[in-house]
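Two complexes come next, and they have one chain in common, chain A, joined by chain B in the first and chain C in the second.
Here is the complex of A and B:
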């Protein structure tokens, strides 16, 4: 499998936070979801990929090329959508677009107009008068108009209504009908990714918890809920997070099938959603 | 091809897709040689992962229901009529094996099971 992004041993230190030994690949032709609670390091990873901040160690390859040594070449193939789109506030959309188009060889003005039409935006609108959702749409139209091979989106669905979120996800699915196009999409809204992502990378406190095919995760991980006098955490295989309450013990396991083999009354076994996984890993303590 | 995915079903989505395609091939709704939507197209239509549809097609191919031609797509495999009947029989057999296992677990006798089957088949009222 060819990779659009290869990240090896990436490290970035801030006061009180360190992204450490981050290693994962994003296969070409797929949608990778980067999930984790706020402050886990998602945006830091995306900024390092874009070389917007200086890394302390590690390597990033985009389309097989080093992202620093071949910066101009790789960036022209990336469409980047920020969580809060930043463009000159007082300009019309067409003016912003014609300024941006100069940076891209593959800018397609016809396609850009079609996208604006599709998103019900007019080229004559002034940027600052757009709602947050419309700004996101404009930003996405810009990213798609230069035929980018890799679309990077940092929390694109935060603060958007469900209708637009669904529209965006459908657009991304349509994009990868072309097997050469790749999407890396960070979000703390796991339901968006649960539906659309092919792969999931989960990051917590600056470290990768897992990076795998979404189906594989959703099929193997589970939540075991048992009475306080029932199973003990040490009896359960693959424990990744524990939550205790007065009446019950809840355990996130990465091996639901093996856990189901345990015979015990008053215990229920459920599949884990991405939200469950995020919740138990960030709130639960695996060693409690 | 008609496929409906349930998000609340305990069955994995690739199995839901596979089962429905299989049923449509067995019933003749999908005919021999008929082209199936591409893996990516189907994923987009159902709004599911490409990996899910790929896995569903791979399983169908392994079981001989479809053929995939590199660069051309996937097609309903030429079905030997007898083989098809055998496959259908096998499906029924699997379900019966499940029922027998359950029955054993509950201590239901062979005679009781026979009676149930006769009742279900409509031989008695």
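Here is the complex of A and C:
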């Protein structure tokens, strides 16, 4: 399987936070969801991929090329959407697009106009007069207008209403199905990723907790709620997070089938959603 | 690099027109007030040298578009080169505007012939390159905050220098002591005999200051975290 992104041993240290030994791949033609609570390191990873910040160690390869040595070449194949769109606020959309389009050999003005129409935006609108949702739509139109092979989206749905979120997710899904593009989509809104992602990478406190196919995660991970006396959480196979209450024990496991085989009586087994996983790992006693 | 220049122009063209309009009004007024070409050259150089980096780089700071530009398929060193070229381009426009007004403005008191000489133009460019050499790396690396820190820091250092000078020498006019080296430097520039060697030295210094400033800016911008 070819990879659009290969990240190996990536490290970036700030005062009070460190991204530590981050390693994962994004296969070409799929959507990878990067999830984790606020401050987990999602934006730091995306900025390191885009070389907006300097890495302390590790390697990032995009389409097999080093992202620093072949910076211009790899960036010409990336469409990037920021969490907060960074465009000169007082300019018209057509002026911004005109300035940016010169950097991309594959810029397609017809496609850009079509996307603006689709998003109900006019090229003559001034950027600062757009709502946050419309600004995100414009960002997405710019990112998609030059036939990018890799779309990087940093928290694109944060602060958006459900209608536009669904519209964006549908657009992304169509992009993958029709054009076999690769998407790396960071978000803390797990339901968005559950809807569209093929793979999930979970990051917590600067470390990768897991990176795997979404269906596999949703199939094998589960939450065990038990009131069995004397049961130690460590005895449950694949334990990844623990929550204790006065009368019961809740355990997140990455091996639900094995847990079912071991425990019986006064125990409830549920499949874990991405939200459950994020909750138990972030708020419980994590066993990463 | 041309793509960066085009982007800078499209992003800042309105501000360029506004700045040139203000300059035109200012230079028209100054042309009626100043008789000395030397004073005119120094004032024009300082005005343009300080204003143009702000014109080109302040908007990037205001809208935080550095991360947009650095996400485009272009190396950061090329971005810096583009910004320097854009700043010099705007400077040449500003200078052209000043010289044109001085020449055609009906109430102008400045003798055009004395300003439109190779020596005067090189001195103007030398002074501007000197100001750029300090201001541009700061603006490129730290944005407007950096420039404010630089200006405030310079003022604090100036005050300290004045106090120390005053205490050590008991000078009656410490300001004169502080500005004397600048005055002497400018006098040497203006009154030196116009030999080919002198002009070549000026040109070499302009290139050297600009190259050193560009090199520092490239290193600083490469390290900038966005």
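As a convention for this text, the second predicted complex is superposed on the first by the 278 of 288 C-alpha atoms of A that agree within 3 Å, B and C clash if a C-alpha of one lies under 4 Å from a C-alpha of the other, contacts with A are read in each partner's own complex, and residues count from 1 in each chain.
One rule holds for everything that comes next: a contact is a pair of C-beta atoms (placed from the backbone, for glycine too) under 8 Å apart; a residue touches a chain by one contact, two chains touch by 3 or more.
Computed from a predicted model, the values in this text were never measured in an experiment.
*Asks:* With everything superposed onto chain A, say whether chain B and chain C fit together or clash.
*Replies:* Superposition check on chain A shows chain B and chain C fit without a clash.
*Asks:* Go through the superposed model and pick first if A:170 touches only chain B, second if only chain C, both, or neither.
*Replies:* first
*Asks:* Applying the touch criterion given at the start, work out whether A:249 contacts chain B, chain C, both or neither, answering first, second, both or neither.
*Replies:* In the superposition, A:249 contacts neither chain B nor chain C.
*Asks:* Could you say whether A:35 touches chain B, chain C, both of them, or neither, answering first, second, both or neither?
*Replies:* In the superposition, A:35 touches no partner, neither chain B nor chain C.
*Asks:* Look at A:89 in the shared chain and tell me whether it touches chain B only, chain C only, both, or neither; answer first, second, both or neither.
*Replies:* second
*Asks:* Where does A:145 make contact in the superposed view: on chain B (first), on chain C (second), on both, or on neither?
*Replies:* After superposition on chain A, A:145 lies in contact with neither partner.
*Asks:* Who wins on chain A residues touched, chain B or chain C?
*Replies:* Partner touching more chain A residues in the overlay: C.
*Asks:* Where does A:80 make contact in the superposed view: on chain B (first), on chain C (second), on both, or on neither?
*Replies:* It touches chain C, and chain B stays clear.
*Asks:* Scan A:104 for contacts with chain B and chain C and give back first, second, both or neither.
*Replies:* The second partner, chain C, only.
*Asks:* By how many Å are the closest C-alpha atoms of chain B and chain C apart after the superposition?
*Replies:* Minimum over all C-alpha pairs: 29 Å.
*Asks:* Given the complex with chain C, which residues does chain A contribute to the contact?
*Replies:* On the chain A side, the touching residues are 47, 50-54, 71-76, 78, 80, 82, 86-91, 95, 98-100, 102-104.
*Asks:* Quick one: which bits of chain B touch chain A in the complex? Just the residue numbers, please.
*Replies:* Residue positions touching the partner: 10, 12-14, 40-41, 43-44, 47-52, 55.
*Asks:* Considering only the defined contacts, which chain A positions touch chain B in the complex?
*Replies:* 29-31, 169-170, 173-174, 176-177, 179, 195-199, 213-215, 218-219, 271
*Asks:* Quick check on the complex: what are the chain C residues that touch chain A?
*Replies:* 3, 6-7, 10-11, 14, 59, 63-65, 67-68, 70-75, 223, 225-226
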